[in-house]
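This is the structure I want to talk about, given as structure tokens.
Residue numbering begins at 1 within each chain, and the chains themselves are lettered A, B, C and D in the order written.
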Amino acid sequence: MTKHSISKERFLEVRHQTELICKSLQAEDVSIQPAEFVSPPKWHLAHTTWFFEQFVLSEYKAGYKVFNDDFAYYFNSYYNNVGKRVMRAERGLMTRPTLQEVLDYRAYVNTQLSEFISNGTSEEIFNIIEIGLQHEQQHQELLIYDIKYIFGNQPSFPVLDYKIQLQAENEPQEFLQFKEGVYQIGHKGEGFCFDNELGRHKVYLHDFEISNQLVTNSEFIEFIDAGAYNDFNHWHAEGWDYVQNNKLEAPLYWHKVDGTWMHYTLNGFVEVDGDLPVTHITFYEAYAFAQWKGMRLPTEFEWEVASPQFNYGQLWEWTNSAYLPYPNYTKVDGALGEYNGKFMVNQMVLRGGSVATSKNHCRPTYRNFFQPDMRWLFSGIRLAR
Amino acid sequence: MTKHSISKERFLEVRHQTELICKSLQAEDVSIQPAEFVSPPKWHLAHTTWFFEQFVLSEYKAGYKVFNDDFAYYFNSYYNNVGKRVMRAERGLMTRPTLQEVLDYRAYVNTQLSEFISNGTSEEIFNIIEIGLQHEQQHQELLIYDIKYIFGNQPSFPVLDYKIQLQAENEPQEFLQFKEGVYQIGHKGEGFCFDNELGRHKVYLHDFEISNQLVTNSEFIEFIDAGAYNDFNHWHAEGWDYVQNNKLEAPLYWHKVDGTWMHYTLNGFVEVDGDLPVTHITFYEAYAFAQWKGMRLPTEFEWEVASPQFNYGQLWEWTNSAYLPYPNYTKVDGALGEYNGKFMVNQMVLRGGSVATSKNHCRPTYRNFFQPDMRWLFSGIRLAR
Amino acid sequence: MTKHSISKERFLEVRHQTELICKSLQAEDVSIQPAEFVSPPKWHLAHTTWFFEQFVLSEYKAGYKVFNDDFAYYFNSYYNNVGKRVMRAERGLMTRPTLQEVLDYRAYVNTQLSEFISNGTSEEIFNIIEIGLQHEQQHQELLIYDIKYIFGNQPSFPVLDYKIQLQAENEPQEFLQFKEGVYQIGHKGEGFCFDNELGRHKVYLHDFEISNQLVTNSEFIEFIDAGAYNDFNHWHAEGWDYVQNNKLEAPLYWHKVDGTWMHYTLNGFVEVDGDLPVTHITFYEAYAFAQWKGMRLPTEFEWEVASPQFNYGQLWEWTNSAYLPYPNYTKVDGALGEYNGKFMVNQMVLRGGSVATSKNHCRPTYRNFFQPDMRWLFSGIRLAR
Amino acid sequence: MTKHSISKERFLEVRHQTELICKSLQAEDVSIQPAEFVSPPKWHLAHTTWFFEQFVLSEYKAGYKVFNDDFAYYFNSYYNNVGKRVMRAERGLMTRPTLQEVLDYRAYVNTQLSEFISNGTSEEIFNIIEIGLQHEQQHQELLIYDIKYIFGNQPSFPVLDYKIQLQAENEPQEFLQFKEGVYQIGHKGEGFCFDNELGRHKVYLHDFEISNQLVTNSEFIEFIDAGAYNDFNHWHAEGWDYVQNNKLEAPLYWHKVDGTWMHYTLNGFVEVDGDLPVTHITFYEAYAFAQWKGMRLPTEFEWEVASPQFNYGQLWEWTNSAYLPYPNYTKVDGALGEYNGKFMVNQMVLRGGSVATSKNHCRPTYRNFFQPDMRWLFSGIRLAR
């Protein structure tokens, strides 16, 4: 993390963006939790606020009075160091506080933190606020995933009034070539980054080629039509079991209606556009698709080295790298140390960023990570060989 | 079912009562389903309305236009004969339609059905409307159970603005005595009843005694304090497993705080009042309590015979009778035939009625029934020997 | 229980019968537990022996030395009063003691108990030995069910060298008629019976008719061919869910091979014989079959009253009676009190006896009971109306 | 794989070793499957034999007659390419064929294959036989794990007559130091290796230190006594959940008896020896131990580079590397291609070899792999920093 201060305007702009995403939600929409990995939108709105209250205002603002003594218990996510909390699976039980009370909570903390920023503070504290803003932007993306899951799993398929739109990549497909050798990996320079990107270090890569394009819906429909979901040869053993047990036969939100592939998007239930990149697929499917093509997924290191030469940022791209610490990775002390390190097992790295990602998060060293069976995120496939 | 017509006023009064129960709910409260046996309040509001639309208006009102073509799919409960429906476990996924849309639906159907009633109709159709009203009153009771479960399982323990209050039974306890012989069981006479009460018939009862009182919280605390939850001798094998696996050690909604038993009521989180009847206990606990006392639960036949001699109507009283058809029970044809008969296995009969029951449902022949592990209902214990 | 003594010969004969059932089992067959409701054959051999050791020899034989101190822990079934025990689901983990050691245990206890009987003892103790013998005969029947389940769920379908053979009932079908009135139910007279048969008492029955025949495989195939497994109208709601979730489409052990119904019997894998009574059906299927026929299952009281007029003893006949205590049922004190009473919830009564039942168990008052989803027993269907 | 032939003697010696491991097993021991990840010993005996029959004799020996047509179905493990098979979870249902029949099967195949080898064959086929032998040696190790699990989970704790004995490492502890740079990884040279070791390639390592010793039981007891099982700070989030949900508080087979740590070993139930290396721990526990020590686990690359400088081969050492393909990894065509690649997700690499491992498997490039929650293997911990 670098030396900097944060303007009140930037703070409020990030905060406002969260509310913008939720502006067309009804109060009925914000409390439910249709799966354990989904959080109610109201919870995101409150939790991101609690983060600033807990780690900045309560710690550093003289005479700060917490908005509601119970909220720390309700809206802590997974910071065991900070005390007891409502279990993840029970977030969807809290119909109260109401949406309006949570919006009042946001306004209160915004006012208090704006005032605190205006008075100036130390670099250390600015760095915590910076993490809070980055954290809120991460939750903005999760909010979009969760709203899509809430809307995409009910029979009326509601529309969200917030622009999320994939684009066709219209250049001719090409495989970019890279030579073997020692490369530098990890974050450098001035901008913000998370602890898991740090420890810039060398890796040795061998010759590889990587596509300049994401895999499209058309290509994925070919995979489906070739019966690949029913041919174990393309799959990890665990992926094959997963696909069989959960009866996967297409990406999430896809439904075949009268012979045509339709899917739910946040803009409604529409026909699948073959030119757009395929999304909402698990790592298992990304891997199987590559196997079926006779290719493979890139490692996260190959991806990072090659990324300056292609466009990215539409979809998080599954790599074939497990999420593991870089050499000399060090966990931060205290609650913020729980941010990344403790997730470094049984997850796969995704690189790039998506249409739901805050633009300042789309940097070549950003390491996103999910379990290989997750598909409610905006995930995609880029091939290597 | 008897010859009668139904006034528009009575129809609207029953309908209004449902809304009265919900009047202090927030939009956030009405969509969630915290357990499969709970339905979202919004679902009750809509489902009871769909019942009138489906079985009366669509069938018999000339030119009736359904409010929304999709609602039949959303709000059918378990009538397989009427077509596809949202599965019970997925009711809590429907954040839409909103509460306001459902209230509009209620108003629309109220207007249409009022008009239909005013024009007069056949006795057969009045009988269906009567079932619809009885059905809505049953859902009023379930609504109260479900709201209590929703409010009682979140950390803020909200209060409901609707009067539900148990009373102490202040007479001295006494065991009423009955002689063996042939008794008549089942519904007779003019008033409304469900098909499961019909087929008035004879049963032979042996000498028995039955308490004029419900078991109180004080008595139940004695049972707890005696370690009865940890002594398998009092329990059914299945009940013992249930209590162990689910770590039951007190009625639902009870919490021991600093040595004192507190519980959530719809009026808030308060100390348990020893004089009031104990409630929110499973059949297993009711049976174990009776065993521990050296007594037993009455059969539903004993209860029905004895009921004119004691007060009832505060709590549904677990009997030791399984829910089975009376001799000559006949299932009604069509969808309404699914009302009762198909539940006649692995459930126990409760008799009497509760503070959440519509007063015209508290008749001596009414057969309520639940699985023995259910305890979110207002259940109670009356001893026999 | 009646005044009597027990001869050493009868004791040894019952004990020998158990070993006869197992004589063609291999050591490999006797340790596994393919489902929680199945016990390994070795466990039955040892548990029935432990019963005599625990309740007779250790209690009453002066200077008796237990065969192995650990066996009480290994081979207690569900008598919580007698101490800790290996959990039911873990019986299949005990590969040791070996079959030979268990047979040695049987021989040891046989010798000791024979000696004890020869010396004469009190009526009270003879009654316990009598229960031990009845208990062993019940386990002989369970042994046959369990062996069939073990053999019928492996690809090689082994054959058991022990005669178990259903017979066609060749008389013309007829419905026997009974008049309403007060009838006596329960055990009377001299012979042995279990506590759940006692308390001879009056019940009032209404007019009924009952078939003189069991339902045959041919009739059941008609039910299958009529699509009844896919028509919810015939089923209890719970039965319908069970059948759907477990994909039931025929009795247990049935397989359709090239368009023909085959089934595993203890004599091998053979074509289903249409003239034989149908067996290995759940209560749900028995009920649905009766519904489909426009009839019903008899109550256990109707069955008991009618039984002198038809043949029974081929298959346990599902009744529509839940397993509940008779009036004035009293639980025996101590461990033997756990024999029956604690199972009186969520089980259905079967009457009659099966080809696997010891002949002296086939009496009109014997109350067998199982959960409605069990079908590895030799169950059958008799219709009433 | 290298040019070589295989002698009949070596073939028979490997085969004999499998039978030696099983020589003190009783027939009762060989059929059960106490957990899905355990296979019945009889299954190992047959499956390793089937491998030679399927991939060598049936394919290449003129006029070969399979021992039993059904065995291919019974004893295929996971080779989807070779046809249908008994599902893994159902291996424990097969009490037949008996142990003796399986031993006869082994003898038959041994004779046939010895004859086949004696007649000489092509290098390609020798390579398949070589894989068969390596495969059998891998199953010898699994056999020992599985027997230990079978014996260690029953109350009588049987002893196995086969020497498995850990040794204390008596040298002083030291951290060996390595300098950053490019290193060669993967198998080279003449000897046998698996496909996952191939593709010798370069990796860039940074400075690291690694212990010359395994972590001992004494050290692990300190970890337990420090309350580390109850302090989330040391654990992966997933590991913490696993430990909580499964109530782990010590290695597998450990029991605290009267304040002393005892454990089941194949030589019996004995006191834990503090000087011996700790074993039967999950990856989660290995990681948490390292965290608690303020150190970390080595990567598999660090381990491979450092291994010439320390002793290994007592326990499989958890590394912090996920099991992933080496650059240019290529899957073999056909059934043998299912050997390794399809497991390359959500597993962690272990290096070194154990007391249960065939000595010729203990080479520096051997990549073993298991899910992070497995602990029935002989796993251990070596620290790095």
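By our rule, a residue touches a chain if its C-beta (ideal position, glycine included) is under 8 Å from a C-beta of that chain, and two chains touch if they have at least 3 such contacts.
Just so you know, these numbers come straight off a predicted model, no measurement behind them.
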Next item on the list: Kindly list the shared contact partners of chain A and chain B, in label order.
Entry: none
Item checked: Shortest path length from chain A to chain C (each step joins two touching chains) -> 2
Next item on the list: Report the chain whose mean Cα position is at the greatest distance from that of chain C.
Entry: A
Notebook entry, point to check: How would the chain C/chain D interface be labelled, same or different, where same requires over half of its residue numbers to be shared?
Noted result: same
Check: At what distance in angstrom does the C-alpha mean of chain C lie from that of chain B?
Finding: 37
Note to self: Centroid of chain C to centroid of chain D, CA atoms only: how many Å?
What the structure shows: 45
Margin query: Suppose each chain is reduced to the average of its Cα coordinates; what separation in Å results between chain B and chain D?
Written below: 58
Note to self: Give the residues of chain D touching no fewer than two other chains, as numbers and ranges.
What the structure shows: none
Notebook entry, point to check: What topology does the chain contact graph adopt: line, ring, star, complete, or other?
Noted result: ring
Next item on the list: Go ahead and list every pair of chains that touch.
Entry: A-B, A-D, B-C, C-D
Checklist line | Complex contacts: residues of chain D adjacent to chain C | finding: 26-32, 34, 42, 70, 73-74, 86, 92-99, 150, 153-156, 158
Item checked: Of all residues in chain B, those that touch chain C in their complex -> 78, 80-81, 180, 182, 201-206, 208, 232-233, 235-240, 283-284, 287, 296, 320-322, 324-325, 327-328, 342-346, 348, 372
